[in-house]
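Chain lettering (A, B, C, D and E) follows the sequence in which the chains are written, and residue indices restart at 1 in each chain.
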Amino acid sequence: MNEMSILDPVLLIAIPLGLAFLIPLLGLVSKKIVRWIPVVGFLFNGIVALLILPHVLKQPIIVKIGGFVPPFGINLYAGSVGMLLASLIAITGFLVSIYAVKYITKGAEQKYHILFLLLLTGATGVVLTGDIFNLFVFFEILCISSYALVAYLGTRSGLEASIKYLIQGSIGSSFLLIGIGLLYGQFGTLNMADLARQIVDYTEPSVFVSMVFMITGLGIEAAIFPLNAWLPDAHSSAPSSVSAVLSGIAIEVGLYAVIRVLFTIFAVSNFFIFFMVLGVLTVLIGEMSAFAQKNIKRMLAYSSIGQIGLIVFAFSISTQLGVAGGLFQMVSHTLGKALLFLCAGYMIFRTGSMEISSLEGIGKKMPITALCFTIGTFSIVGLPPFTGFASKFMIIRAALANGELLLQILIGLVLVGTIIEGAYFFKIIQTIYFKGAHKTDNREEAPVTALIPMLILVSFIIVIGMFPNIIDKVLQPAASELLDQVKYIGSVLG
Amino acid sequence: MNILYDYIYYAGAFGLIFIGIFTMMVKRNYIKVIIGLSILETGVNLFLISVGYISNGTAPIFSNPGIEAKNMVDPVPQALVLTAIVIGLAVLSLALSMAIRLYKHFGTLDLQQIKEQRW
Amino acid sequence: MSLELLIMFAFGGAFLTYLAGKISSKLRDIFALLCSVALVVIVSSLYKVETTITLYNGFFGMPLSMRLNPMAWFFAIAIVSSSALVVLYSMSYMKHRERTDYYYFMLLLINAAMLAIVLSGDLVSFFISWEIMSWSTFLLISYNRNAALPAGIKYIVMSLIGSMCMLVGIISIYTAFDTITISEIVQHMATATAGYKLFLLIIFSITFGIKNAVVPLHTWLPDAYAESPSPFSAVLSGMLTRMGIFGFLLIMFVMVGAENSLHMGRGFFSYHNILAWLGAITIVIPTFIAMLQNDAKKLLAWHGIGQGGYMIVGIAFGTSLGLAGGIFHTLNHAIYIILLFLSVGAIEYSTNGLRDLNSLGGLFKKMPIAFLGGLLGICGLIGIPLTNGFVSKWLIYKTLILGKAPFLAFATLLGTWGTILSVYKFLHNLYLGQLPQEHQNIKKTPLAMQIPIVILSLTILVFGILPGLPLKSINAMIVSFGFTPLTVSIWGISSETGTLNMINIFSILLVVVAIFWLIFQAARKSTAVDQYDNYAAGAAIPKDKYNYTVEFYAPFYRMATPYLRDIFDMLYQKIARFTEFACDNIRKIYTGYVSDYIIYIILFLALLISAQLKWSVF
Amino acid sequence: MIVIVTFLIVAMLAAAVSAYFFRDLLNAVIASCMVSLIAAVMFILLHAPDVAMAEASIGAALVTTVFVIAIRRTTRYEK
Amino acid sequence: MRKCIGIILLIIIAWGILTSLQTMPFGVSRAKVANHYINNGKDETGAANIVTSVVINYRAFDTLGEVTVLFLSAIGLGAVLATIKTREKRDTEKASLILSTGCRFLFPPIILFGAYIFIHGHLTPGGGFQGGAIIASAFLLMYLGCHGEKRLNDRCSTFSESLGGLAFVIIGLIGLAVGTHYFLNNFMPLGKFNTLLSAGVIPIIYIAIGFKVGAELSKIIDLLMEES
């Protein structure tokens, strides 16, 4: 373990935090450097996370903050799930921050970069932590920075979306705090493993009520059906690089927190049937309301709801295949949706309005961005050579594996949702390529700093789509870690 | 009667929580909703502290040598509430700064009229 | 020439053509032609080869493999040769149209995908190439803009539904038998229950039914054919829709195995009987609807559906004769439908985009080659003795009569009459009759267009006279399905129930034609009369086009239209309207009021709490 | 001792309810300030001096100030 | 309509909470983890105020997160309020002489009192957050008293804010680098119990937090007061 000392997962949180505090000082020195700090931060995060990932597949790293033994101090649980999501956050954050260097010009840029850096640090924190109050604090960092970033542009729609998001988010955090209070009152400890050890039967009323409070608190950020009313407004009126991160990472992290609570702390079993029905409901409502949208970013936001429903459905199958399928769908949705928002960002920047009708004939003016947008769409819909297909293949396989009739009906409904999703995405592709003016006046393609992240995301989508085994080696241990509560308790409490 | 005495703090805390939630649910003015939010947060903090209370315990501070560690009140919820109060302040100041911007854009703070973002 | 080199060459060729297009259009045309011709050479060199190669097992450890057997080779050679002809044809057709690199890229990509479908050894690579084919077809259907867009959406939605069913089928096979390589599935099939086999058959026939446009699932086809650019609609109708037939063969005979797919269910409600009747309905109704069309390509499209019915009937009957008839009909249909679309494309090219049957006519003097192609194509479509259509229809009729299915035979006969009537309208309105004034000086069809038309017409005749050539490879395919092979000779089939000898039919016809030609020459005293100086009731008819072919079947039209409206299309439109209405109202849940949203949250909380405490659901 | 506690809690709830009913936002803010002040006192009774100081200085003083500034920039009356 | 739905739902939730509160009788000691802190909190961290030892040592990560949240809200406030270009002047009449001199007179003692609170964080109740809040109220007094001529110096508040946060993170990293290789580890000698320079890192961190919270909260007030 000693050569691991420099590669300590806590650096993934401490270094970006230090950089964030450094930015105001550097801001006094010169405005130029500040723009590149998030890029450096996430590059560092990405490298450290990817170096740690192989070590973690078999034996998770338990980081004792402050040197105190877990139940008494806070511990970070850097298991395969945590490190997989942390590296995903770092890579996507790195790419989106390169995109944002040229994209964010108006408003207080220095403040934007700090908020962006801290948003993803909060996400990394939520993913790695092993203590429920620490989960609440990092969750709060994630939420407050997204409130501020949604209202960053100061437009009418941005402000309206952000106050609604703030009100619902803060209600969620209060419920989460009530849940934590109830749990602490009954079991006297805040450590996840210690709680898991003491909670024997989650169906007993007092434990169930605290579970419900925690799920509602976390579920609001995870955009499950009745709680996701904030998502369409927030993701459509935020600046595109922010909505790329919100849609790509923030909801996934919220959902990870819900899944960690359900699987590890409460070891839930037949609660998942309710959760499965909720997931399918989210898919249908997300896809159908996306079908009738006129504004492109709002449509992408609703399709995020649909995809989240699919991930919830996959996790609630609660078999090794199902959980691995859910994680894989998370990865492919993050890559695909971030790519779509980045492309949409510059398309809207060039055409000036978010209406789909204004995007006609953009394929001529911005060929590379339009191509990346098409590939992103194909990946989200789940057409073969891209990651979306591989993850959907895994989920359907998991659904059909144990042959229950309920699962087959639900997977049928999910596929109906996918067909509706295919319909409205292909309509956009037609608007981009086959409609609108023939005159190709000034061809202003997106700048290079925007094209590099898009093309890297496209290459990720194609490579992982063609060779899903690369990621499968990480998914299987991650799924077994999530499912196996006893091993979690053993590795943390020793 | 001692059932009431035992649960008076819980009753107070959850009373505040329910009043806060009810205000946020029903009221239309944005500032009034934020007031409801601050009451909700105070209620939650009160609940957390009353969870950690030990009847006839003492404050967890060894100010003079005479105090022994046996019946001290639980320090952990106090640490949590410290953080929660400051988080509450952070959220409220952000919310109210947006209220100022909102008023400049929409000219009203009535949430029923601020609904351009729907469907 | 190993298989993966072939696939690499096909897909690589498509990308390189696109890149070459960026450099210069001349280079791109030559490169595309070279690619397709090279493919033809490679595939024909693989004639008797039977190999299986596992490409890679990077996909969740499943071995994605390619295999070549007679069935795959038969379809591969058809795909590759038709794509070569179409690429040659579209070199001049797409000369001065914009976005031609994109067109060539998509065309070659579709052909490569079809090749990959046919050669795929396991279900997952089958599905992957199937999907690549459908979304690249979607991109090419919506190529010429405004009217093509709804057609493209209708196509992609129906093919998505189909591929979702197929995906569920493939994955249920994988979970049940834990293997996806097609050859191994047959052994496991014995262990499967009858219900599971029926489920598999139904799921896969929905997918292949949509692709092959069997009646209830055919509504996407007419718009897709009519709106896509002519060379592509040739490929679309010729080969792409016949992937459905390839699929039916795959599922019924290769995967589920001939014996249990033919004995599925009892009496009338047995699987293959219902399929046969569906095929019969597909023959009759679309052919009569074709008569009512005024747009040349729509008419051909409805015929495409009709002819598809023949193949289904042939295959569904399950005797080696029927199978040979069905598969041979697939090949023949591909040849003459491509020929017809190319000739319509030639007309479209020279009258720049005009294909309305009522405003054309008398083009045979101006465009003799196109007329020749049209004429031979139509003879093949009807099944006049000397053409290849006759041989395959003869085989199908024989199976129906031998199989003692009089009603099916009557339905197919009815279909042929319908074809004759509507096809005559097609030929007459386009080529015969008077040449309208404005078409006096139309452009000549360029050479690059004429060569494919000539080649295809020749193949119709050659296959018509010497049917043995294709029947030999069809025979090899039937053997691979486990049926008794037909005794095939170069000029036809000799079986105990009646031999088909094309050579003497050819010689008899030759003699008869020679006699009539002599009589005609002898009595040739009458002077050539100009088309325009004809009189009606004593008065000279105005110089302009006197065309009595407008509204050709008006009386039938008025009588039959109420019955021949496409009820399935209306049904699907209603479903589409309903989903749109539902989508519009579902999103009303997000009302924009924050208090509503908070009530949703509290409702969720209260629901969960009451579910557990009051009814202890969990 | 118990009587004082019940009185304080009843006063706190009354202040919270009055914050709900006041139409003039300034009164409502002052009522919510009353709530957090009484909460600070409650914290002392619950033997949590740190939290009482934090609640008093942050909850009562700063939150109320931010509210008053916000009301000064926007409207004072609810409708 | 909305009111009665709300009431019904809240009643159901109240009923749920009531059932779960039965298992948590009021005032009965149950917490195992807390007993560990109380019993050997004194010798492990050397701080007299156990709450401070929990806040800074045992659960230091929460406080780091907490400080980030405060930093975030100041930055977020700046981002949201920065979007308005026009700064129309408000006509405020000058405060009377007595008020302004009184404020100027009271300002230093309050700052001193705040400093006292966060320096003695580990001995007496109170700490960085409470001390910072008191300092912020001192600045608030200046804003209320002599509005217009006295304003928070923006540069030095940014300096103290960033340096405070950086100090906290750097102390954590030093803990990682030196001593027993744990992040935020108390590597300094604990010193004599109940004296000012005892309890290792705790006073240093609390002073840094005090500065940071003081600067941040006064910056929030400055932003809000000076916004228009």
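Everything that follows uses one rule, which is that a residue touches a chain if its C-beta (ideal position, glycine included) is under 8 Å from a C-beta of that chain, and two chains touch if they have at least 3 such contacts.
Remember, it's a predicted structure, so these values are computed and weren't measured experimentally.
The set of chains in contact with chain C as well as chain D comprises B, E.
Compared on C-beta pairs in contact, A-E and B-E come out with A-E as the pair having more. Located most centrally within the structure is A, per distance between chain CA means and the overall CA mean.
If you average the Cα atoms of chain B and of chain C, the two centres end up 69 Å apart.
Averaging Cα coordinates per chain places chain A and chain B 29 Å apart. Here the spacing of chain A and chain D, counted between their Cα centres, is 38 Å.
A straight line joining the Cα centres of chain D and chain E is 19 Å long. The set of chain B residues that touch two or more partner chains comprises 9, 20-22, 24-27, 33, 50-53, 57, 59-61, 76-78, 80, 82-83, 85-87, 89-91, 93-94, 96-102, 115-117, 119. With touch defined as above, residues shared between interfaces to two or more other chains in chain C number as follows: 587, 590, 594-595, 598-599, 602-603, 605, 609, 613. Shared interface positions of chain D, defined as residues touching 2 or more other chains, are 48-50, 54, 58, 62, 66, 69-70, 73. In this structure, the chains touch in the following pairs: A-B, A-C, A-E, B-C, B-D, B-E, C-E, D-E.
Only residues 6-7, 9-10, 14, 18, 21-22, 25-26, 50-55, 57, 59-63, 69, 71-72, 74-76, 78-80, 82-83, 85-87, 89-91, 93-94, 96-98, 100-101, 104 of chain B touch chain E when the two sit together in their complex. By the touch criterion stated above, chain B contacts chain D in their complex at residues 5, 8-9, 11-12, 15-16, 19-20, 22-23, 27, 29, 31-32, 34-36, 38-39, 42, 45-46, 49-50, 52-53, 57-61, 73, 77-78, 81-82, 85-86, 88-89, 92-93, 96-97, 99-100, 102-103, 108-110.
Within the complex, the chain E residues that touch chain B are 2-3, 6-7, 10, 13-14, 17, 21, 24-29, 31, 33-34, 37-39, 41-42, 48-51, 54-55, 58-59, 62-63, 65-66, 69-70, 72-73, 76-77, 80-81, 83-84, 123-125, 127, 129, 193-194, 213, 217, 220, 223-224, 227-228. Every residue of chain A that touches chain C in the complex is listed here, in rising order: 163-164, 167-168, 171-172, 175, 202-203, 205, 208-209, 212-213, 215-216, 219-220, 226-227, 229-230, 232, 268, 270-271, 274, 284-285, 288-289, 291-293, 302, 378, 383-385, 389-390, 393-394, 396-397, 400-401, 403, 411-412, 415, 418-420, 422-423, 426-427, 429-430, 433-435, 438, 466-469, 472.
On chain E, the positions that touch chain D within their shared complex are 49, 51-52, 117, 125-127, 129-130, 133-134, 136-137, 140, 217, 220-221, 224-225, 227-228.
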